[in-house]
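Next up: some structures, all given as structure tokens.
What follows is chain A paired twice: with chain B in the first complex and chain C in the second.
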Partner chain A sequence: MKRVSLMLALLFALSLSSAAQNVTLLNVSYDPTRELYQDYNAAFARYWKAKSGQTVNIQQSHGGSSKQARAVIDGLEADVVTLALAYDIDAISERAHLLPANWQSRLPNNSSPYTSTIIFLVRKGNPKQIKDWDDLVRPGIAIITPNPKTSGGARWNYLGAWGYAFKKNGGDENKAKEFMSKLYKNVPVLDSGARGATTTFVERGMGDVLIAWENEVLLGAKDLGQDKFDIVVPSISILCEPTVSLVDKVADKKGTRAVAQAYLEYLYSPEGQEIAAKRYYRPRSEAVARKYGNQFPKVKLFTLAEIIGDWQKTNKIHFADGGLFDQIYQPQ
Partner chain B sequence: MAASISLHLIGSAQLAARARVATSESRLVRWTLIFVAFLFLVFFLFMPLAIVFTSALSKGLSTYFAAFREPDALSAIRLTLLAAGIAVPLNLIFGIAASWAIAKFDFLGKSLLVTLIDLPFSVSPVVSGLIYVLLFGLQGLLGPWLAAHDIKIIFAVPGIVLATIFVTFPFVARELIPLIQAQGIEEEEAALTLGASGWQTFWRVTLPNIKWGLLYGVILCNARAMGEFGAVSVVSGHIRGRTNTMPLHIEILYNEYQFQAAFAVASLLALLALVTLIAKSAVEWKAKQENSQPHGRDLTPDHQGFLL
Partner chain C sequence: MTFKQRSILPGFGLTLGFTLTYLSLIVLIPLSATFLKASSLSWAAFWHIVTSPRALASYRLTFGASLIAALINLFFGMLLAWVLVRYNFPGKKIFDSMVDLPFALPTAVAGIALTTIYSTHGWVGRYLDSIGIKAAYSPLGVVIALTFIGLPFVVRTVQPVLEDLDKEMEEAAASLGANRWQTFSRVILPSVAPAALTGFTMAFARAIGEYGSVVFISGNMPMKTEITPLLIITKLEQYDYAGATAIAVVMLVFSFTMLLAINLLQKWSSRHHHSGGTPEVVEGEALHAPVYAEA
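Our next item is the complex of A and B:
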């Protein structure tokens, strides 16, 4: 009996001392960043061990961006969130008050350490001759894109198409709306997340064209066989800015603020930027961007601010209940 | 006793006669029906099962086993076993208590209790999960209090166990209630008049009478506990290596283009289903054998069809 209690005391002491040396972070992220953070977490753990002597263990949770934000609001204890768009982090700030409203000004580049854009993936040889956004609204084209209500990537897809139509028609919103309505008539199914849509297109063989994150397309084309698909880059597309933030209240409660902050800042370091580039995210650092320049197709990019404004406004007009998306999309 | 056996014999003779009448259809009709049933089985049962195993083994045995050596897979298997390991015994205790109370006693609100036990069958698993989010989530009813006391329920192991208990709630009780009801209370009364205590009565009289039905309920309960996806998905938070059960891990692998690994883990669940099926048949067979002994009670589990 005595021996058992001694052992227990020893175990307890051990676990205490290792608690001081070990720290665990939870990064709640969106769908296509799985491979990126797998690499980045290993690199950051090395960096942090060398810098502070602490062993950091980073846990990951992935899913549709808005769904993930919802989970954090409901109490999923994320030290950091790395989501597809600023609006989802705004929602965490607004509804659960876990981080300040000005979170986006706390890190460089509006808290967006890497960017991406929206391009197309088509079947090998491009049998339907899809070359630009215009071709998507032709009758008889089946488009695979996820649901903008639940997926961050899907919102960027939507906004890429909107931006094209808006610019092409010289800012005529009614014409842009007509274009969007035609486009979503060609969508046979809305998956809930970007990864699900990719699987629908690639594995289940549905659709003529997949609208998706550039990083997802480049990675998918590599993983799933270049002999089956062609990448199509439209004439113009949107600059997507996935954002990251510390979740202040959770980090303070767990006592992980310092390491969580460092985790986000290291994303902007040369090593962090290089890992992002390797996983097909467009780096912010110009030096790294030059190094990986060949990997990214040349495409003229416009920003959300140019076509609509900020995310609050965008959401209100386009994605809120009864908004433009609800008006144009009728499930078949 | 003798009367009940002869009644039973007459009953089966009638049944056999009726079966002969029922098969007086033309040979064509019979064969067509058998063929349709067979085709249905092949397409909806054997083919998916075969696909699971062939996909799992598509890259050879070594990659098949590598899928289980991965830390995330091991943790998913551990969590699944833990959730089932807690949910099944709790449901066992609850099931015996509830069915005992319902079958042997009359009390106020009895029919309400029977209805409530069935609730998890009629509610979609997703809703069962959301109930816990609404209750224990940070914005939920008890969330702020739990957060203040640093108690984690949802997006942690307790939430997964709770959701599992909820969806498997009816299995044992539903299995036992008709069984105990059919037995009546004479044997217990006899035991009590002979001076047995309540506990002795339960242990020596009731339990031996219900053991096969009980085992059957436990097997089904366990299968569901390990296979549950919907409710657990809602409360899991999908943290790798921490809150993913086997079904959730399979989904993640599939979404990461690791189709072979996904099917390898799926094959483990499929194996579990097969073991369940075999155990279930063994229990049924054993129960029937015991019943056919002259002094056995009539426990032929007719009612068990309702679950299938």
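Our next item is the complex of A and C:
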């Protein structure tokens, strides 16, 4: 259905673009950015109209991050992609050659205009006294986190835990492995996506703690029910860097390179950064970060590069078939 | 028997051509693309993927749970069909329409609803939990979901056969001295068996391919409650197209062999039942049984 409505939207968009003053962009994104881009698209359209006189109409598509990347690989004509993992954009470059391999160096901050981190949600009053990653591996704790093989968010959860164990044990991989194995022994359900895991924790009442994106937890705090849950921030966590990129071949074909490029660059502008902060993504701009400092919990953050390296390496060691995650369930 | 049978109506060439083209476009070409993609793997790599312990565990769960669910549906589907055909009670039309609901409902909705009810805090789940049975997030949950989505098949195939069944035959059986059990097992059962078997096959086939409802209720734990379609999705999420199609090919071959075997069994049973001298009124009914597409 989503595909069909997208196709219709595209056809509609194409018929519109014949009028020279109108331009249409398709932004293919992942699930939790829905609210962010709703606001941002309106702001960018205003900015672009004032700057160039063109009316820009931005179509959004949301879904699981790697599913979205696959759609672009299979021919969905996205002018820009804004996905959860750099790995997914790498896949588009590698498999469909729609953008150059060095795409990540084309925009500031490794093409990651806003960031987030991984924190915990527990039952009201924190009955199991969960304060940090260490408490998760205690016997009798039930943890809800989705399957890192099918969910981008779950990979960040996994890497947050791995980074904690890796740093705490002074870089001893075997100790970290042991920690991860204990942690996943405490996971009773592996949902296929992040939203599914939230439902399992909130609606089904399963588990003592939910590991989740900070922006999802903060954004949903009201909807989830503040009287039922508490937010717990661990001592350290991972800096999640969702990335954005122009899809060169598509933009050139459609003649939208200039506007698509401006669309991504404007994310780094004060206005773009402020919109991200309002939707609970941590801004890169220090001025904006200071202004919204109170809404983000203080937590020491480490990057993926500090604990493992790039995504290709991360995927090979941890998530590929027979990797560390598989070994937890299937000792070799 | 000749290749082309004489018929009063013309159009053999046209209809055969249409049938072949249609089947090719809708079924054959997409499926052969699967085989083509899988053939990009070497034989050793293919074998390694499809016989990994995790894949084997998922086949066991998928085919085992589908078989159990189809058997449950066979039994209760016949019961339901019997009640709906033979008795009159207020609200019968409503119950009759309810049977089709599992077709109309998006499978994700079914999965979420079932999970809500059968999880440890749910309406039914909490009572099962108190006697030590874990329904959601266990293989039992998978069976429950598959039973739900397969419910209409047996009911809808058996119903028209039962409707056409003459009451006089049962009366004749009784007047010839058959007891109730004999009337049922010697007169009614042979008549509905081909239709019931068709329904069973469809329910079974439908269950093997089911994904949407199961992923919500199963818990998706590797080696324990992971169904084969989920394993395929997992591989796709990692851009492992060849690995995903390798598992898909195994499912295809398995399913096709089983469906073929059941079809042969059905043919054999109806021929067998022919020579037994039972009335042939109902013979063709299995063919008229409605065929449903996935909702």
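One rule holds in what follows: the second predicted complex is superposed on the first by the 310 of 332 C-alpha atoms of A that agree within 3 Å, B and C clash if a C-alpha of one lies under 4 Å from a C-alpha of the other, contacts with A are read in each partner's own complex, and residues count from 1 in each chain.
As a convention for this text, contacts are C-beta pairs under 8 Å (C-beta built on N, C-alpha and C of every residue); 3 or more make two chains touch, one makes a residue touch a chain.
The model shown is predicted, which means the values in this text are computed figures rather than measured ones.
In the superposed model, A:Q59 makes contact with chain B only, not with chain C.
When both complexes are overlaid on chain A, the residue A:A91 reaches chain C alone and has no touch with chain B. By the touch criterion stated above, A:L76 is placed in contact with chain B alone, chain C being left untouched.
In the superposition on chain A, A:Q129 makes contact with neither chain B nor chain C.
Contacts of A:A320 after superposition on the shared chain: chain C is touched, whereas chain B is not. In the superposition on chain A, contact of A:L26 is made with chain B only, not with chain C.
Judged by the touch definition given at the top, the superposed model places A:V189 against chain C, while chain B stays out of reach.
When both complexes are overlaid on chain A, the residue A:Q312 reaches neither chain B nor chain C.
Residues 95, 196, 199, 203 of chain A lie in contact with chain B in one complex and with chain C in the other. If you check the complex, the residues on chain A that touch chain C are 64, 66-67, 70, 91, 95, 147, 149-150, 188-192, 196, 199, 203-206, 315, 319-321, 326, 329-330. Looking at the complex, you find that chain A touches chain B at residues 26, 31, 34, 59-63, 71, 73-77, 95-96, 195-196, 199, 203, 220, 223-224, 253.
Chain B meets chain A in the complex at residues 133, 136-140, 143, 147, 150, 152, 154-155, 237-242, 252, 254-257, 259. Contact residues on chain C toward chain A in their complex (touch as defined above): 49, 52-54, 112, 115-116, 119-122, 136-137, 215-216, 219-223, 230, 233-240, 243.
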